[in-house]
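In the two assemblies presented below, subunit A is common to both, partnered first by subunit B and then by subunit C.
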Partner chain A sequence: MTTYGFDPAAPSELQSWLVERLAEYLPDLGEAVDPYRQLGEYGLDSIAVVAFAADVEEQLGIAVDPTAIWDYPTVSELAEYLAGELAERRPQAA
Partner chain B sequence: MTDIATRADHLEKLLGDPWDADNPAGFAAVVAADEREETAPAAEAALDEFGLLAEFVPRTLGGRLDRVDDMIELMRSVYRRDPALGLARAGQLLAVVNVWTAGAPEQRRASAELLLDNRRIACAFHELAHGNDIAGNEFAARRLGSELILHGRKESIANLDQADALVILARTDPADGPRSHSQLFLPADMLAPGHVRRLPRFRSVGMRGVRLGGMEVTGLPVPDAVLLGSPGTGVETASRAFQVTRMALPAMSTALLDTALRVTLHHTRRRRLYGREAAAIPMVRTTLAEAFTDLLICEALSRAAARALHLCPESGSVHAPAVKYLVAGVLTDAVQRLSTVMGSEFYRRDGEHAVFQKIARDVRPVGFGHIARAACLSALLPQLPGLLGRARRAAAPAPAALFTDEAELPELDLPGLRLVAGGRDPLAASLGTVLDEDLPTAVRPLVEDHVRGFAALCEAGAALRPRELSITAEVPVRELAARYTVSLAAAVCLGVQRTASAGEFLARPEWLLAALTRLAGVERAIPADLPPAVEDALIEELMDRDDRSLSFGLASRPYA
Partner chain C sequence: MRTADLEARLAEWSRPGGPFDPAVLTAHDETESFPAEACAALDTWGLPEYYVPVRRGGRQDRLDEFLALLRRIAARDLTVAVAHGKTFLGGVCAWVAGEDGPADLLARHVLAGEPVAWGLTEPDGGSDLLAGSLTATRHGSGWHLSGRKWPVNNATRGNLLCVLARTEPEGGPRGFTVFLIDKRATATGTVRPLPKMPTHGIRGADISGVEFHEARVPAHALVGTVGGGLELVLKSLQLTRIVCVSLSLGAGDHALGLLRRFLSERRLYGRDLADLPHVRGTAGRAAAHQFLAEAVAHTAARAAHQVPEELSVVSAVAKAFVPTLVQGQLRLIGDLLGARGFLTGVEGYGGFAKLERDHQVVPLFDGSTWVNRAGLAGVLPLLRPGRRATASVSASPVHWLREEHRPAPLDARRLRLLAPRDSVLGALPTLVAELAEQERTSSTAAETASLSRALLAAYERLGADLKNVRPTGGAPSTATMRLAERYEWCFAGAAALALHRARPRLHDGPWGQDGLWLRGCLALALEGLGSRPTGATQVYDRLGTLVTTAPDVPVSVLDDMVPDEPVHDGSVEVPAA
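Up next, the complex of A and B:
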């Protein structure tokens, strides 16, 4: 039922969306998040990571634990992981 | 000894009448032991005879744990006599929930064997410098070939000096982040004296019978087989496993309020002031009725949350901090208010009510031990927008089994617990449907208030910006998380009243009206008064249970 403003199966589109979303969590960051830099380096604290995971789960309609962000700690890696998860879910989706 | 009522009766009999001054496990002995910073030896022996620690061991491993709600109810028989006796045992649950969640078969077997043999397993996580920020812990396990070299300090650890095994949280990666820690399951005989300096006992204001130890470890080699779960999963395992303990420990602690209330009744029903029984003085009556209501609220919320771990495990990451936050706060306040009607008697360390001052001290750690209430709000807050959004979009009645006196539950699946709820909380979702239910007329306006309050909370949640959800969240934003816990409790009380069998006290509207009034008051500086007829009904029930030695909580079960 989730509708996206982008093609979530394409890691590059998912990546741009994640970068945009992350900007909301990092108000003091003057630049766009570098998809290849560790999110921890931006000062995203463990509580914000939970909020971000919940947010991504809500938007994509798939289960996203904070562990996904722990294990794929750059936007690029996370986008690839999430695209894979979404592709796996697709056949069951209504 | 299979069913819970039989087990609870048996334990009550073994521990005996707490008021009997000659009972070596009774209040007098407990208070005397507390003065020595110990627990009563006869009480310890009774728990060993009962095999209490088997209650923490899953049935598949030879123990008696199959339901979290039953385990909690049974432990109340221990906590009501001596909270320190209860915590010293329940402290082991903190260690073994991690083993049941992530341990290898041989670690699970070894842990089960120890507990079934009444031996102790300590949970060595705490480092004073890092508090609840466990991902900041420094105690290190550095790999060297097939060994790990342990180095660092663990402080304020219950049972450390008596433990036969330890579950340790250790840093296995010097980098920052939640993948930098691992858990270890370590037989205590690996703590070679040449590498381990025991720290002096940590002394505390309350829970004095719990032996808090510490250790400083220097270059201790241990085999890498001590790893509990994969390297780097220490924080993740704890995030699942501690959902059980963060709700179970405060839930067991409702028994402190039962005892505080019972002692207050004992005192005020016998005392005559100004020509009447002290318990009949309106201010005293009101305080007693409110404390009774508070106890029912705490037990209703914690039972629903404990059952939800089985029934809707995806919500555990929300329910655990919610129970801890609200129950600890309500219990602490209720004991404090009861102390005002105890008069000077609450201050005495001798006499037949001396256990009250012990309860008043022992209740304090419920608010900060294991995890602090403040940290619980921090844990709830990032999930709030998702929870409130979904509750509003997808209102649905909650499963009746969360509320009913008896309920069938699926097996507990600890590794299946999630770190976030994905907005799913059946209790919150039920608030959108409660007005469709057949409500007692007197209660409806209050329910409407709570539903309006929750709708306002949902509005506020929808307006939250992601940047407001971090550790730097402002007080009014954190307050939203606190309000969420109140809404959950209101939903549960409604469910308990609705599903109670006709004729039961819990099916009556009075206690529900009292509960919803009290909960509305949590957010106000001056709580509303209970209507006189409601207060009368509560006092009548309370006195009757007191006369018949029944528990004051949801179960209303026989107490010795």
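Up next, the complex of A and C:
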């Protein structure tokens, strides 16, 4: 059973968590990740996207295809999508 | 027995004056002309049917068989295998996209003998697919294409070309789309060939390019979805990268054949060359390279059917590892051949210099060794041993590597850009434990068990080193790339162990007795991982003795003579009226 240090169903908490995770993939970025900016603008290449997707997948315990990050290319959009996915999973987990 | 049949035909065609006559193929190489006779012979034999899946009317239903066929051709002439085999690459996007319209149309063309090219790279773009600037813009119901694809195998000779085009001005992962272009259906002057490039190897192949000027293509040229091109190409590459390694296996077969002939003919200091321990050891090492390459290639081909969701890792390992391994094998054989490997046209040995030149393109095809290794390096932290749940029994390679196992049909819908696990390395601890149970039965069993334990220890050390690695963007550091290389060697050793476990036949016979071939593979993998396993010298010596004294025993642990029977998928066959 996956446990979180935050409420994953709340997009705002999920969003701050994603911003923190993402910072680890961008060690040279001297500023906080803007949740409304396209991830492509941060120079996150296709290899990093795959690694990031795997990381998120493992932390949240749901399948996250790297293409989800292509289709929801900002942290804000991604958080909303993931919250939806998690909510769908909840009845099963209960 | 289609593989056996092809081999018999190839032997026939290789006679003087035949389409595969080495003299004819050497002449093509020298004049940089296309080996048209050999390709025509393959068309007549029916090779195009193997480029088309069974459900589209072709005969392609298992990748291991296709690898075996292409390997046979590559063992005769690598240029021909490259020149003909590109249609597999050109077609794969349409099969993976899976839409009936374009796939059935393409199937009809391919079955009629039309070659298909695959245009991904562009001038100045390298392997970076997102850098592509060939653009498709909507025009009425269809599209207008402008830009260049170069270098592309068969760009000039082929009428059909599958290309990745930019469909969003800003590009990005959803900004590219795949199109299948029929050059004959475009307006005059809008599609121009770019000249064939002189190349170091595969000199007869049509390595050229194509340029589009507002070329109008119809709506049905679209393959997959608008914006889905990058995903489609990345998934297709998972299959083509596995197919590419068969070219390396064929090059190894060809080189080992020349080596055997040389060792049987050449005498030095009044003795057979093979009487010299150094020569035997090197020949044995070359054989071990071939076995390890086979284990990885065959495991990857079966994995495509059984664990397609893991192919992003499996295909990257196979494509980074096998061509590099065979390159090393060719160096060993070249050392033994000495001047005969260097001179051209001497008593038939000139073929070595050509195959060595030809093979140098294989590490570059479909993503270079660096590109594949970097892809693996990027996800390494997630493949750390114990980080993910191990696969179920049915996902274990021991299950799906059994000789009699009939692979499930390829299901492209199961391909993923991110592998959830690696079942091959996941099986390593169990495989090693099983060998340990046997170790009291003989001294060689004890040696095999000890080598396998050393491999597991190396894998665990890799796991410990991976704990400190964080996934990051950008090009991986050299240190991370070295970790990826270690991962490849561990994977290769695990594949050999799984193959050995799955096939009782490989516990016997000239190579299998005392687990000889397996010990050769494990010793080689451990050397690749930086250790000097005890007993390796004796193992290579024994393998080398077999290479020289049993010339009729193929240097192979695969029995590629797959029975040519219909697919048993439970469906009822209705006889034709």
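As a working rule, the second predicted complex is superposed on the first by the 93 of 94 C-alpha atoms of A that agree within 3 Å, B and C clash if a C-alpha of one lies under 4 Å from a C-alpha of the other, contacts with A are read in each partner's own complex, and residues count from 1 in each chain.
By definition in this document, contacts are C-beta pairs under 8 Å (C-beta built on N, C-alpha and C of every residue); 3 or more make two chains touch, one makes a residue touch a chain.
Treat the numbers as computed from the prediction; the structure is a model and nothing was measured.
Visitor: In the overlay, answer first, second, both or neither for which of subunit B and subunit C A:D71 touches.
Guide: In the superposition, A:D71 contacts both subunit B and subunit C.
Visitor: Who does A:D7 touch here: subunit B (first), subunit C (second), both, or neither?
Guide: neither
Visitor: Give one of first, second, both or neither to describe whether A:E58 is in contact with subunit B, with subunit C, with both, or with none.
Guide: A:E58 contacts both subunit B and subunit C.
Visitor: By the touch definition at the top of the document, which applies to A:E20: first (subunit B), second (subunit C), both, or neither?
Guide: Once the two structures are laid over each other on A, A:E20 reaches no partner at all.
Visitor: In the superposed arrangement, does A:E88 touch subunit B (first), subunit C (second), both or neither?
Guide: A:E88 sits against neither subunit B nor subunit C.
Visitor: With both complexes overlaid on chain A, does A:I47 touch subunit B (first), subunit C (second), both or neither?
Guide: Touch status of A:I47: both partners.
Visitor: Do any residues of subunit A touch both subunit B and subunit C, and if so, which are they?
Guide: Common interface on subunit A, subunit B vs subunit C: 24-27, 40, 45-55, 57-58, 63, 65-67, 70-71, 73.
Visitor: Using the touch definition from the top, list the residues of subunit A that touch subunit B in their complex.
Guide: Within the complex, subunit A contacts subunit B at residues 21, 24-27, 40, 45-55, 57-58, 63-67, 70-71, 73.
Visitor: Inside the complex, what are the residues of subunit B that reach subunit A?
Guide: 135, 176-179, 236, 378-379, 381-383, 385-386, 389-390, 418-423, 465-467, 469-471, 473
Visitor: What part of subunit C is in contact with subunit A in the complex they form?
Guide: On the subunit C side, the touching residues are 130, 172-174, 230-231, 234, 312, 374-375, 377-379, 381-382, 387-388, 416-418, 420, 470-474, 476.
Visitor: Mind listing the subunit A positions that touch subunit C in their complex?
Guide: Where subunit A meets subunit C, its residues are 24-27, 38, 40, 42-55, 57-58, 63, 65-67, 70-71, 73.
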